[in-house]
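These are the structures, in structure tokens.
Both complexes below contain chain A, partnered by chain B and then by chain C.
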Partner chain A sequence: MENKNWKAWLYLLPAIAFLGVFMVYPLVDVLVYSFEEGYNSASQTFFGTGLYNYSYVLHDPYFLQAVKNTFILVIITVPVSTGIALLISLGLNSIKGLRDLYQTVFFLPYVTNTLAVGLVFMILFKKTPYSDGLVNLLINWFGGESVDFIDGPYWAKMFVMCFYTVWVVMPFKILILTSALASVNQDYYNAAKIDGTSRWRTFTRITLPMISPMIFYLIITGFIGAFKAYSDEVALFGTDLNAAGMNTIVGYVYDMLYGDSGGYPSYASAAALILFAIVFTITVINLLISRKNVHY
Partner chain B sequence: MEYEQIEQRARRREQTRKTLTYFFLSIWALIVLFPFYWMVLSSLKSYSAYNSEYIPKFYTFAPTFQNYRDAFTAVPLGRYFTNTLIFTLATTAIMLVVILFAAFAFARLDFPGKNVVFALFLALMMIPNELVIITNFVTITDWGLRNTFTGLILPSVTSVFYIYLLKENFEQIPDELYKAAKIDGTSDLKYLFKVMLPICQPTMVTITILKVIECWNSYVWPRLITDDEAYFLVSNGIQEIRENGFGRENIPAMMAAVVVISVPLIVLFLIFRKKVMAGVSRGGTKG
Partner chain C sequence: MKVVLQNLTKKFPNRNKKGDDVIAVNDFTFEIPDGKLIGLLGPSGCGKSTTLNLICGLEKPTSGRIFFGEDDVTNLPPENRGVGLVFQNYALYPHLTVRQNILFPLQNLKGAAKLSKAEMLRKADEAAKLVQIDGLMDRKPSEMSGGQQQRVAIARALVKMPKVLLLDEPLSNLDARLRLQTREEIRRIQRDTGITTIFVTHDQEEAMSISDMIVVMKDGIVQQIGKPQDVYDNPINLFVAKFLGTPPINVFEGRVSGGRLYVGDDEVLRVSGAEDQPVYVGIRPEGFIPQEAGPLCCLLSGVEVMGRDTSVVSSHPAAVSVNVRSIIAADYPINREAETVRFALKPYKVYLFRKDTEERIPFEAV
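Take a look at the complex of A and B:
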């Protein structure tokens, strides 16, 4: 028996070692960093402990800009992407022919490198001296003025950012909702049909309650994912997101850690913990709401 | 007579609804596909043709492969590619071994403290990467592993979620099989590889595919840990190309690089379409 215990731990050893070094220890360490004031990464010294890092981060205009950008992104993209995904899934569910083809096409963004395809979006939206770009061409056709979506006004940049984010997150949502819709028991629909229930009523009284757990799952993961937005923004606006005014909270963390403005792990830690607190709070609120409204 | 009219009207309404549905789905399909079309199209236009089009054209009659040649010669795209391949294969392979042993220990072996350890593992699933990446960056830098494959690979060779997924799968294998094997004198290790692994092959394939996608697209960690171009992965490579590659605004060559980077995963997806989609709906999150 003794021998067997020893063996079991041996099987677990690699996993425990890796998780210990790269997850458990960092978790403690990030807290320590965030309270060490004036930490110098070159000499590894600091001159005090306290809340200064948090106060610095919360007063940093770049951080506030990042928080604003992230919140706008979350508030726009989560409902929009979930709503459109629901419409598409309902559409997919109601057709027979070409369904596989549509599903395959809709899934494509999931398997693409977001950095690479972001570049294509940048080119579609960018206005250069040589060309106004394709999107501006369409706007001109409809009688609008050209706008530079990449280096132009704030709302235009925000629009591209939201549009690209929705494009990227859609496949996952469509996939989850399509399988949720397909798993609703057909008997309910047959019963509704016999009773002559209208389509809208069938949707609100049968379909929606039956798939509500999945919708809430998507809203929660959507919130979490959107709060961590970063690489999509890099793809569109380049690595210097502060200069573009389009930084996100995660982007702020990495900028503090590394790069031209980097070398401040303490500020990065404080910002990361603030982000974690925000995401945690919103997830808890979501769970509380879902407990009231979701039909299990 | 009246009955027939009602039926006809219903049929017509059904027809309209169907047409509208197809129309709506096609619009989204167009939005999804258009960027892909545009990147392939732009990559086939010559540099001068592309830059002379103030109003971009939707087609080209003179496709050229020069941009692809440029993508591999003017910038080290080939090296980015090899790096990504090495990184992806090594990370996935090591991770599969690590999670296989861990899942086996949790599913089949009995030892004191097992449930506590497993609960702790599950708790780790809630930890976002952003929180631990700061220290990992410092750790890897302190170990002198920046700009090495070891440094790139080490932090991402375990995944609690995949251990959990595999353990659930292992537990579905009846106990009797294990006991029978024990009576026959089969060692644990042999049982794991000869019996459990073949049975759980579908789950292993799912995990492999998800991990390969994740590795191929990883950007943040490689960016932090490499600043030597010799160790860039494709994501960092494309960013480098965008900022300092090809000189001024050689967008066709840039698009050729984007096509080259995008193709492997798309091909992989088209081959294993069912498996990828089933796998993602079981365990994928992105956005």
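Take a look at the complex of A and C:
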């Protein structure tokens, strides 16, 4: 028995070594930094230990702005993108001709570079003294005033950010949901048909429960992904997100490490751990809710 | 409710578009009497499931009409036909309990047909009692055995008191013992409710044992319709003869010549009424009588004792299949060491079929 154990550990060694060096050690390190005040990575020195870093971060208006932005982003984009993806998948599932074409079109954003797409969005939504983007042209055409979506009011920037995020995360969700819908046994629908079930009831009482594990998976990963948003914002508003007022928590962490005002690994660690706590809490809540509503 | 099928035909377009249409059901005409249990029987791909789908409305016929009683339901959608369908895989909603599953069809009722909650529960309980699962109402389908799930599926199909109950391969997902039990159960439920029931199966034993009438199909064409025993005793062609009966009928190459029937070179019977011609000779396994000087001489290859009967496995040069299998009562002694075994034949268990069309040739033994 002991011999066997020894062998098992030996086989696990490569994986454990990798995980230890590249996962566990850095994570513990982050935890340690977050309690060390004024840690300097060059000189490996710090003044003291305590909760000061957390206190600083939580009182930093930039961080609070980042938390607010992130939450708005999460709360809007996760339900909206999942909902629209579900509608599109249902549509895709019920058409026959051109289905492959549409599927490809809907999946294209997934393989497109985020920064390139960001550039396109900037052009679409731009407003300069010389020329307006397509969106503003449309607004003008309907008799509205041009809005500076990229460098203007907060709501306009937030709108573009949410719009963009939804657009970027949708393809994957459509892909997952289309295959989930296709895997529901046709017999269930036939049974429902013979019993005269209305379309709406078929959808809510049969389709939704049947694909609920996949929807749940998308919501969980959607939450986590949206909480960790950063690159999309950079693509739209440039690297100085604090100045644009569009920073996210991950953006804040990055700024604290490498930004123009950076060089504070302790603050960054504290912010990262706060983000971890938030994501963890939300995921646990999700899991609790799912126990009642997800049918495996 | 009697069900009338009139020249029912269903064609499916061929997968590769250039090919001809696939004819799943070809010109099916049959009047199913009220309150009977009908077995649609045939090998897989013979169109029996398509027929079922046509009756319940999941498929539209290419031509022909369907009547329930006097009403033409050919163009009615399934929900307006008043049919209950039990699927081969039961199609129970896995996320709903047994009670919710049985209630599901009732909750769909709208307008004047709408029932109160209490009424629905009462009906669901009634249906559950009928199939004897009333103690399992709060279970999920995954927490039940196959046989229990089958009952739930039947209860769900029955709860609206359909005019016609359709069962698609109802027993194929059950093990042998449950299959026996469940088919009795289906028979009982059908008798209790008096609902015209049509079920599809590829298992002839299943169909024979519980049906009032069986319909044997092949390649979309109805071969024979009748009471199980009649069809068994008077198969119209070689296919029906081969399809019904376990062990299957033994087929030999033979010929009729001068009022004598030859199997290979053995002259086995004197016959009248059949012209001289080469024929297929079908002999039911129970049609053999072991006899010292019997006319049919087979090479003995094995004896299987099955308790009540003995199964003698032998071979004959003129047999179409490798083995000739005969079932004889256990009190006939068989010398297991012998090289050959000789049989006399029961003439009414012997059938002749034309070589070309495989149709039955009537004859009389003299």
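Just so it is clear, the second predicted complex is superposed on the first by the 274 of 296 C-alpha atoms of A that agree within 3 Å, B and C clash if a C-alpha of one lies under 4 Å from a C-alpha of the other, contacts with A are read in each partner's own complex, and residues count from 1 in each chain.
Everything below uses one rule, namely that contacts are C-beta pairs under 8 Å (C-beta built on N, C-alpha and C of every residue); 3 or more make two chains touch, one makes a residue touch a chain.
The model shown is predicted, which means the values in this text are computed figures rather than measured ones.
Asks: Evaluate whether chain B and chain C can sit on chain A together after superposition, giving fit or clash.
Replies: They fit side by side.
Asks: Who does A:R201 touch here: chain B (first), chain C (second), both, or neither?
Replies: Second partner only, chain C.
Asks: Would you mind checking which one, chain B or chain C, touches more residues on chain A?
Replies: B
Asks: After lining up the shared chain so the two structures overlap, which partner does A:N185 touch, if you call chain B first and chain C second: first, second, both or neither?
Replies: second
Asks: So in the superposed three-chain picture, is A:I75 touching just chain B, just chain C, both, or none of them (first/second/both/neither)?
Replies: Neither partner.
Asks: Scan A:K193 for contacts with chain B and chain C and give back first, second, both or neither.
Replies: second
Asks: Tell me which partner A:A15 touches in the superposition: chain B (first), chain C (second), both or neither.
Replies: first
Asks: If you stack the two complexes on chain A, which partner ends up touching A:F106: first (chain B), second (chain C), both, or neither?
Replies: First partner only.
Asks: Aligned on chain A, what is the least Cα gap between chain B and chain C? Give it in whole Å.
Replies: Between chain B and chain C, the minimum C-alpha distance equals 8 Å.
Asks: Do chain B and chain C touch any of the same residues on chain A, and if so, which?
Replies: none
Asks: Name, in rising order, each residue of chain C that touches chain A in their complex.
Replies: Contact set of chain C toward chain A: 56-58, 77-80, 83-85, 87, 89, 91, 93-96, 104-105, 107-109, 156, 160.
Asks: Enumerate the contact residues on chain B facing chain A in the complex.
Replies: It is residues 17-18, 21-22, 24-25, 28-29, 31-33, 35-36, 38-39, 42, 51, 53-56, 97-99, 101-102, 104-106, 109-112, 114, 117, 121, 124, 127-128, 130-139, 154-155, 157-158, 160, 163, 188, 213, 216-217, 219-220, 223-224, 234-235, 238-239, 242-243, 249, 251, 254-255, 257-258, 261-262, 265-266, 268-270, 273, 276-277, 280-281, 284-287 of chain B that touch chain A.
Asks: In their complex, what parts of chain A are in touch with chain C?
Replies: So the residues of chain A touching chain C come out as 185, 187-188, 190-198, 201, 205-206, 209-210, 212, 295.
Asks: For chain A, which residues are in contact with chain B within the complex?
Replies: Listed in rising order, the residues are 4-5, 7-9, 11-12, 14-16, 18-19, 21-27, 29-30, 33, 41, 81, 84, 87-88, 91-92, 94-95, 98, 102-117, 119-121, 123-124, 128, 130-134, 137, 165, 167-170, 172, 175-176, 179, 221-222, 224-226, 228, 230-231, 234-235, 238-239, 250, 253-254, 257-258, 265, 268-269, 272-273, 275-276, 279.
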